[in-house]
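What follows is a pair of complexes built around subunit A, which joins subunit B in one and subunit C in the other.
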Partner chain A sequence: MNAPPRKLRLDEWDARHASLLVAGLREPTYGGVLSRHVGERGDTRLRHLLFDNSAAALRLWNFLLTEEDRLRGHRAAGRKLVGAMKDLGTVPVMAFALPDLVAFYPDGAWWTPCLMEHSDGLLAVADRLGIDDSFCPVRAMLGAFVTGSHFPIPELLVCSAGAVCDDFSAIAQRLEPLGFPVFWWEIPRRRSPEPGEPAVSLPGGLVAPECQIALTRRELGRVRLALEELAGCPLDDAALSASIRTANLVRRRLRELRDLVFTAIASPLPALELLIAEMLALHYCSDRDEALVVLDGLLGEVRARVASGRGVLSADAARVFWVNPVADLRAMNLLEECGARLCGTDFMFGHALMDIPEDLPPLEALARVALADPMIGPAQDRARLICAEMRRLGSEALLISRIPGASHCCREGDIIRQFVRENTGLPTLEIEVPPLSDALMPALRSRLLALVETVIGRRTL
Partner chain B sequence: MITAGIDAGSRTIKVVLWDSDKSEVVNSGAVDQGVEQRRLARELLERLLGGLGRSQIARTVATGYGRNLIDFADAQITEITCHAAGVAHVAPSTRTIIEIGGQDNKIIRLDEMGTVRDFDMNDRCAAGTGRFLEVVATRLGVPLGELGSLVRQSRCPTPISSMCAVFAETEIVGLLAAGRLPADIVAGVQAAISLRVSAMAGRNLACPICFTGGGALVPGMAEALQAALGHPVRLAPEPLFTGALGAALLAQRI
Partner chain C sequence: MGACPFAETFLQMAASAEASVFVTSCDQMRRAADQAALRNGVFLMNVPATWQAPAARQLYRREIERLGAFLVRLGGAHPSAEALAAELRSRAREAVPANCVAAEAGKLVPLALVGESLLPSHFSLHGFLESLGGRVALDATSHGERGQPVFSDETRIAEDPFAAMVDGYFDSVTDVFQRPNTRLYDWLRPRVAGRGIRGIVLWHYSWCDLWRAEANRLREEFPLPVLALDADDSLTPSMKTRLEVFLEILRP
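Coming up: the complex of A and B.
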């Protein structure tokens, strides 16, 4: 089972899967050969991706790609579904604290046009509803609600509004008149406290005025009531604290995984699998216990690879800090094809990787983490955290992938680049990655190669 | 040792033959880009070789957006690295390179050794590129090479509000209909391109600044850039060929 780490095409994974079975691989119920998702779900993009060859990565992919089945299974089992929208890791912690409630992440549909190479038609549905390509590709979620073909319609939709991304709010607002009522909760734009104003420390070294924490706490209190109503029972602090502790288990595993991947001499896990794994911090693929098992498998594999000094990329790959998730998963492969590796990431939810304080009243703890969201404060806050991480990890370059149409992306990229440039002197690059970037691939490749050449050129000084 | 650099750009293919023993350019030339890039590049190379045999070319490096189609090259290197190498050779003290090419603009920051420290490129859109200038020239019915002499006649540059190549064309039609002089429109276009480049360059631009690429051949552009940047801008010698020269120089080292 322990083949040397390398990346495989989808068709190569079929043979690898067969050999793993012969070697005694035991798979979960959602396991199986990866290529089946092309035929069963139309996830044709998989044919153009390169995958890590470990059994742990296979389990991660199967976990992700069977989310629809899992959600329908929850529904069939009588569990109630909570769609946590534009919520980067807060509401699911509350939902999973209640019996028979399951949170999931409808925003995750933004990868469907990529995975299905537009055969899903989700973006066309959004177009017809007036949410065109001047909006973030997460508008695919709108199509998924209308067609009902990618996830069961949840019993409760919870969406944050306020300081979060404007175009996401506009997309979610479009759901209401279509018959999908949304429970909105407000999150303020994080600001620095005025001199003398009571302030509270947030995870990640940030500080916010106490009044903003109080507002967020009140808002989360409203969410709590809505969840209690749906569950038909109260959500007590003990259950919420227990849920926070479980969420922290996921977050700690991801932090360890990231640190191992970013600091190993030879990268022990491809960028693509790390991106998929990080997303588990937000939604757990609607099964938090299984998410822990999946992450344990990945961690075990990565620890073993690091211990043996084996990686999926050469040790001299350019060490790149990547900012923002990509709508086209192929872009993660492209980075490595150009001779670079991940050495730090900020996929816009760094706060969801930090521990939720366990020594505070649970709602207070959740409010503090929610206010540490990098998207709801000044881009300079985010840039400062990125610089600190780049220094800690020894990153050699910054890469920002702009999400076309995303309202938060139009200015923050420049701000972050300028800040990183002035504070680290490292090369920076911003690219734009649409859901299917095939037509732009030569230009993207050229830019990434230039970044790698620049990094390598600077090393010899 | 003679090396060859091929810059397969979006508008033209450029070739430079470099003699490293004599430290001089043996020959150089350019042809318009076309569908059969590989054939065009090979024919240009053969023509420039003159009495030299192919076997006398020790190594060939291809650059430019079409570099991967030049399969007879020994290596492919991006335009950023090749322009930097070329400019560092012809203007060694340069700290910032502005390159206006056919389909993209680049700002390349060099250290005192001529090594690339950082770079910027426009993405996706043709605004401010050589292609943009071509669109303007076509719409005004002026050969590209005559834009510069036209600019010199301008007395009151017309502000151009749209930097999208498509919308700007529409805007120019409107300006012509409003009786604006072509000279003033061209001057306005050059100023708009320069402001865009200036914005891309950002703060703390290190001098000396060297202007290269096909866009540098358009008279008046360097002056417009200088005005927008607020710093002296000097033209690279043979600006069309700096990428190919850099490729030929880098071919010595691979």
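Coming up: the complex of A and C.
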């Protein structure tokens, strides 16, 4: 099973899968050839992607692409579904603490138009509801709710409000008159403490006023009551603490995986698989135990590759720090085709990768992590964290992937670029990636090639 | 990549001010505050989006107190409780603008203007609409009736003016960014019906997702023509043409 690491096309994976089976690969119930997702689910974008050739990556992809089945299985088994929206990492920790509750992010539907290359029609449904392409691609979620054909409609929708992006908030609000009530909770905009104001250190190194922590804690207390009502049983601190410990297991694995991938001489895992793996931090792809198994597999593969000095890319690839998730997964392949590799990421949920303090009352701990969200504070805070990570990892350039239509991107990108330039002197570039970027691919390629050329050129200075 | 003309104009004005006060009610203003913070003293007031839990009122109160401290640091003085109460009482006496009282209209078509505040460069809008045979009988922009707090509890004003300010905001001001935004529609419904509104102009700026997303909801809520106007930083010929056509359709 230990073939040299390389990237495969989808059709090449069929043969690879067969050889893995012959070699003794044992797969979970959701396993199988990757190409079946094209026929069974219409995930035609897979035909245009390049995949890592490891069994661990196969399991990751199959885990991701079968989530809808898993959610329907949970419902069939009598479990109740919680649609967590926007907070990216906090509410699921609470929901998974209760027996028979399963949380997931309907936000994830934003990749459906990409995976199905628009055959899903979700964006067209959103258009008809007045949410057109002036909004971020997460508007696909609206279509998914209305059609009911991509995930089962959750029994409870919980959405953070306040310091969240307007696109998402407006789209979630649009759900209510369509018959999907939302439980809203407030996340304040993080600010620096006033002189003399009691303050608390947050995971990740930021600081917030104590009163903001208290407010967030009280708001999470309201979420707790809503979850208890849905579950029909109390959510005690012991169960919540246990859920936090398990969440931290996932987060620690991801942090180790990221560090290995970003710092190895030759990148041991492609950018695309790393992006998918990071997403497991949010809601474990609806199965927390299995998410740990999937991550253990990836970690094992990556550790082995690093130990043997083998990677999927050339050791001289330009080391790029990537900011924001992309609506078109193909862009992650493109980065590598242009001679670059990931060396740091901020996919907008850095707080979901941080350890949740285990030595605090659980709601206090969750409130602190929720307030460490890079997106709810000043763009300068986010830029400062990015700079620190770039220095730690040895990144050679910053790439900001602007999200089409996202109202926060127009100023935020400029602020981050300026901050990074002034503090690191490194080159920065901004690109915009729509859900299907094929028409823009030549322009995107040219821009990325220019960035790589700049990085390589600087090495000789 | 564009920016909201309202936030952009505000940002430009803030650049020449000694200090500026932004609010967190939308992405564009939050990020504009980030940008302004690169240049000069900025106060960003955290206005909660939720309203249904006591925590939201507590947050708002803390923020107006913090704003007060900011203004004092700039050289202002702490107002006495009596002075603050007197200010609130004077606000309570202010009347609704005369042109918004009723749809006496006559031959003018009563319109509702719903959405974000106008910029100074848009102040000719009312006159322009009247020249076309329409009249704004309901000013539901953020600086219009909808955004005016009502301070009516004399006991509260006398005993705790800060609490009266909090009540005035939460009990009478409705906005599109509030979650849920049902109170906005609760506010609009009786006024649209009571003033005989015959058409709605939705005034939203480019990149204003919050208002733009309400266009279809307004159409679903009210059986009236709705013109969603993508406002630029001035009253452009294209905006004028759209308004002309809208009024041409509405006029008897």
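The rule is short, and it goes like this: the second predicted complex is superposed on the first by the 461 of 461 C-alpha atoms of A that agree within 3 Å, B and C clash if a C-alpha of one lies under 4 Å from a C-alpha of the other, contacts with A are read in each partner's own complex, and residues count from 1 in each chain.
FYI, a contact is a pair of C-beta atoms (placed from the backbone, for glycine too) under 8 Å apart; a residue touches a chain by one contact, two chains touch by 3 or more.
Remember, it's a predicted structure, so these values are computed and weren't measured experimentally.
Enquirer: After superposition on the shared chain, which partner residues are touched by A:427: those of subunit B (first), subunit C (second), both, or neither?
Expert: first
Enquirer: Which partner chains sit in contact with A:177 here, subunit B, subunit C, both or neither? Use first/second/both/neither.
Expert: Second partner only.
Enquirer: Kindly classify A:440 by the partners it touches after superposition: subunit B alone (first), subunit C alone (second), both, or neither?
Expert: After superposing on A, A:440 lies in contact with subunit B but is clear of subunit C.
Enquirer: Thinking of the overlay built on chain A, is A:59 touched by subunit B (first), by subunit C (second), by both, or by neither?
Expert: neither
Enquirer: Let me test your reading of the model: by the given contact rule, A:449 touches which partner, first (subunit B), second (subunit C), both or neither?
Expert: first
Enquirer: Could you tell me if A:330 is touching subunit B, subunit C, both of them or neither one (first, second, both, neither)?
Expert: neither
Enquirer: Name the contact category of A:458: first (subunit B only), second (subunit C only), both, or neither.
Expert: first
Enquirer: Under the stated touch criterion, name the partner, subunit B or subunit C, that contacts more residues in subunit A.
Expert: C
Enquirer: Kindly list the residues of subunit A that each of subunit B and subunit C touches, one partner per complex.
Expert: On subunit A, the residues that contact subunit B in one structure and subunit C in the other are 418, 432.
Enquirer: Across the complex, what residues on subunit A touch subunit C?
Expert: 129-131, 134-135, 159, 161-163, 165-167, 169-171, 173-174, 176-177, 182, 184-186, 188-189, 191, 194, 211, 215, 218-219, 222, 378-380, 402, 407-415, 418, 432
Enquirer: Would you pull the subunit C residues touching subunit A in the complex into a rising list?
Expert: Subunit C residues touching subunit A: 1-4, 24, 26-28, 30-35, 37-38, 44, 46, 48-50, 52-53, 55-56, 58-59, 62, 66, 69, 177, 179-182, 207-210, 212-217, 219-220.
Enquirer: Could you please specify the touching residues of subunit B with respect to subunit A in the complex?
Expert: So the residues of subunit B in touch with subunit A come to 65, 68, 77-81, 111, 113, 115-119, 121, 123-124, 202-204.
Enquirer: For the complex, which residues does subunit A have touching subunit B?
Expert: It comes out as residues 418, 421-422, 425-432, 440, 442-443, 446-447, 449-450, 453-454, 457-458, 460-461.
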